[in-house]
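One chain, chain A, appears in both complexes that follow, with chain B as partner in the first and chain C in the second.
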Partner chain A sequence: MPRMLPYLLLLPATAFLCLFFLYPFVQVAHDSVMRNAAYTLENFTRMAGHWKFSTAFWNTMLLAAVVVPIQLAMALTMASIVTKLQRGRSSILYIFAIPLGISDLAAGLIWLSVFEQSGFLNSLLVGLGVVDQPILLLGYQNTWVIFIAIVLAEVWRATAIMMVILVAGMGLIPKEYGEAADVFGASRWQKFRRVTLPMLKPSLQTALILRVILAFEVFAVVVALGGTQLPVLMSETYHWQFQMQERGVAAAFAMVILAVSVAFTILILRLLHVPKGARV
Partner chain B sequence: MAVIEIKQVAKSFGSFTALHSVDLTIADQEFMVLLGASGCGKTTLLRIIAGLETPTTGEVWIGGRRVDHLPPRERGIAMVFQNYAVFPHLTVFENIAFGLRMKKVPQAEVDRRVKRTAELMHIEQLLKRYSGQLSGGQRQRVAVARALAMEPDVILMDEPLSNLDALLRLEMRAELKGVLAESKTTTIYVTHDQVEAMSLADRISVMNGGRIVQAANPVEVYRNPAARFVGSFIGNPPMNFLTAQPAGAGKWQVAGQVFDGPAAAAAEFAIRPEDLHPSESGLPAEVRVVEPLGPHTLVTASVAGQPFRAVLESTLTPRPGDMIHLAPVPDRIRWFDPATQSAL
Partner chain C sequence: MTETTTIRRAGNRVFIAGVALLILWVLLPIWLLFVNALSAPAEVTGFPKRIIPSFNLDSLSFFFGFSGVIDALWNSVKVASVTMILSIGVGAPAGYALSRFDFPGKEVFRFLVVMTRAFPLPLLALPLAVMFIRTGLDDTILGLALVHTTLALPFAVLITYSLFSGIPLELEEAAWTLGCNRVQAFIKVILPLAAPGIAASAVFAFVISWNEVFAAAVLTIENRTLTAFLLQSLDVSPLPLKFAGGAALVLPALFFIFAVRKYLFAMWGIANR
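Let's turn to the complex of A and B:
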């Protein structure tokens, strides 16, 4: 029956998602409110009561608040440049996209090799005579260096995914709108601000949601560069699950990350909402 | 006041030459139509005037100022695009106000101008809508209003009516003519539609193969085509062409008939289909197809083996296969040089 065919074709994927996504999700949600075989909010109180929780929470937020805007600005700039290129466009896209092919742990390790005590940066500083001997950059005395290193690694690693989405989005804007803006007196900046950006909203939505959610889940880069010096929500989740063997508290952390992600997704959807009739 | 002068403008895209050294002067407040088939270079020329394309060589002057090195926004122009380019993310009001906002015109003045042009284009009830909620005809009106609101010296129009259906096109054409005449701007209007060109233009520049073949008023272009191409492109049906043999002393023999013609080595006889009437002494034509069109009858025939069309009184109804004789109106006969294709 041709009418049933689309549903039949979608069935395997739907079943797969239910089995391997929806079921574990319900399980985690369940775990977060379950303790000693009874429904309780104790997991959440334990989580929130721990001294590292608010540090981890605000570290995560601060990282996202610093990383995502930098990435957005860079991705927009890069996408604008790439879109204008007459030739060599795909080669440049490929080069920009190389960090995307590297796992986040590997990315963290690459930047560790830059910042660690025997790393490239120290060799350079010593070689130039700026310092007498290698200094401990990623120590607990200066977590701000760890923070900067994480920001650098994250920007280096994950800006390209935003750029790729924005390049595709810019390609969808008909050229005539830009020309109309030129003719009607828009400067480059005005054209970008008043025409390109608003018409890019759908792609901006996708790129931002994707990046913000991934920023809340930042983990491997943080662990590689900071160890436990800079706790974030994901590393705490990991810590409670595996070191403390507190499945319920880990699940509570997961629910917090989920809640934050959902809240920001809704916020981004609202902020970048395109009214009906105003779509291209 | 804006006279537009185009001086030896040429444009190549790689090995393809879109424009060959075009010279054209458009008078202040003139309505100039660039007419030609697709690929003739008319849009390229318009885009060069707009500044959306840079000429390979040559100069563009607007209002006594050389502008070919300036960006579009410094040229004092406004433009209506073929696909309207009405911004989807802005309301009709903000679309019309777009150019004024870029120039940071005070709000009161923006309100005044948007209101005035919206009334002029009969879209004042649509100001709060987005372009996605408008019909093609309404979008077109917004695009024109946006250009008029700038009160520019020059309005450039790139096939503005080509995306409208036939009836709407007719209506908009008459309206545009009125509105633009009132606005006292210099207008350059690109189209491939000869009827549009004839009805709107003060002057038509007929373009072919990257060159302006003729630039003259519509009647002149129609009656006295400067080149064979112009005669064959303008007019529906187009001009008829017949080979002619010299018969000495400025006389030429065409399909067995002798006509007075130019003193030249070779010539081609040309006549418009409506400048023919049945007469015993006319050109012998074998009727192929007869199309009664109401006000007149279109007859497709063959004269000395060459295709030939005549527009006759609808009371005349020859039948396919008939032999008829068609006499040309003597002062409407035109002659072309078969080698250079230009008028003799």
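Let's turn to the complex of A and C:
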């Protein structure tokens, strides 16, 4: 009995993950190559042939490419600040962590209140005399403003998750390393660059994987701020599943998102490889 | 010497200014949303905006009086509660097993859990929509809660794993020598020590479900959650409704994160392993 106990305890979770995690992924892969009860690649050709596909694909990639580096820099800054603080550490940490609990849809609505035509940005611009009249910021004429609004909302919302992982990682670095660097007269920047960053690799790895995958899943922020004016992969998936009732094509989109997610996970694992013996 | 102190002071000032700026960056947008939610509808659509709300509750009462909102809110609470119970009920035993036993297959299980992080989980909703129609789970609270549990379960497992690992095995062994069996020892000794952490991870599971948009929008039609409701009415609903809805989503989140703030590191620190 005691030898079976761990398996008994793991059974519910394993069964759950098999049924609701492994099985659906097999199913969605199956759906993507299935059409009218026959195996075919037609779903993929229909997807790739649609005029919105490449726009959606590159919008998603570009968003991730712009958002993630900004977040990495900000998260590192915030984590360094929190680690260095002596007073007020927990309150500031709480404030920095607030967006962690906020839905992407709510984040989209928050930034909508800034960017909509009668919103706070226009109020500021008119108040400062930059423009005479409130201008339509989130219109189809200037999708780059929509893009910037989405970048701001994403950076605002999802930097916290990276920050918390990095703060936890910084806490794991033994103090002696920093003290040794001090003894050798390293500047703050040198200490950060030569001690903190290399020691932080495992946390950076986790934070980046999590963040990049979430960046490919960007959805509600985009819909809240741009409607259908700036298509991304996830919003197209939703569109094909619902409006077009084309489950096969939606599954094909899902496979594309899955493929880029896995590709980038492997890439990050390779780039930030930590040898087993070198872990703290 | 005085020169270095002036430099240090200047550096300190830059540091404090930076901290203040970052605090402003996080809090100001939330404030602006609440300004809108606490202003009259005419002010929300009016121009220019003021930075102080008029504390008029018309927008909020318009939102709560809007058909379907109360139901959606209640659905969100129900789905999140079921998610919370399921993910702890299924996840905590696994976390306990990982922390207390060494057994063949342990690494395989951990790999399965960690792997969930490398996949875009909301996409699960697509194939599950069909499976749910077959099993009669479509458009139900339980069906959506099952998908949300998949999102929350890996966290529940990893958090409880680190919680139980932090409680010395000796405590449990002492209870056994004093005549407790395994279950009694767990309930009388381990559970009281782990309870706050378990509660925190339960709250975290609640938040994950409360905030989830894509799966909720795909899997519910009649029984929409608040996020699904807001998303699907985005292109038709007036601004006051959107902002009041956003505020209704954000407000509980503020309390939740406050409640679990002590455990944020325990939760994410272990994400490093």
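Basically, the second predicted complex is superposed on the first by the 280 of 280 C-alpha atoms of A that agree within 3 Å, B and C clash if a C-alpha of one lies under 4 Å from a C-alpha of the other, contacts with A are read in each partner's own complex, and residues count from 1 in each chain.
FYI, a contact is a pair of C-beta atoms (placed from the backbone, for glycine too) under 8 Å apart; a residue touches a chain by one contact, two chains touch by 3 or more.
Bear in mind the structure is a predicted one, so any value in this text is a computation, not a measurement.
With both complexes brought onto chain A, simultaneous placement of chain B and chain C is permitted, the two fitting side by side without a clash.
Of the two partner chains placed by superposition, A:136 touches none, neither chain B nor chain C. Residue contacts after overlaying the shared chain place A:195 against chain B, while chain C stays out of touching range. On the chain A superposition, the C-alpha centres give an angle at chain A of 80° between chain B and chain C, rounded to a multiple of 10. After overlaying the two complexes on the shared chain, residue contacts for A:20 are found with chain C alone; chain B is out of touch. In the superposition on chain A, contact of A:183 is made with chain B only, not with chain C. In the superposition on chain A, A:65 makes contact with neither chain B nor chain C.
Counting residues of chain A touched by each partner, chain B versus chain C, the larger count belongs to C. Of the two partner chains placed by the overlay, only chain C lies in contact with A:112; chain B stays clear of it. Between chain B and chain C, the shortest distance over C-alpha atoms in the superposed arrangement works out to 6 Å. Every residue of chain A that touches chain C in the complex is listed here, in rising order: 3, 5-7, 9-10, 12-14, 16-17, 20-21, 23-25, 27-28, 31, 77-78, 81, 84-85, 90, 92-106, 109-114, 116-120, 122-123, 126-127, 134, 156, 161, 164-165, 167-169, 171-172, 202-203, 206, 209-210, 213, 216-217, 219-220, 223-224, 227, 234, 237-238, 241-242, 247, 250-251, 254, 257-258, 261-262, 265. Against chain B, in their complex, chain A makes its touches with residues 174, 176-177, 179-187, 190, 194-195, 198-199, 201, 274-280. Of all residues in chain B, only 50-52, 71-73, 77-79, 81-83, 85, 87-90, 98-99, 101-103, 129-133, 146, 150, 156 touch chain A in the complex they form. Contact residues of chain C toward chain A in the complex are 15, 18-19, 22-23, 25-27, 29-30, 32-33, 35-36, 44-51, 89-91, 93-94, 96-98, 100-101, 103, 105-106, 109, 112-113, 116-124, 126-131, 146-147, 149-150, 153, 157, 182, 207, 210-214, 217-218, 227, 230-231, 234-235, 239, 242-243, 245-246, 249-250, 253-254, 256-258, 261, 264-265, 267-269, 271-272.
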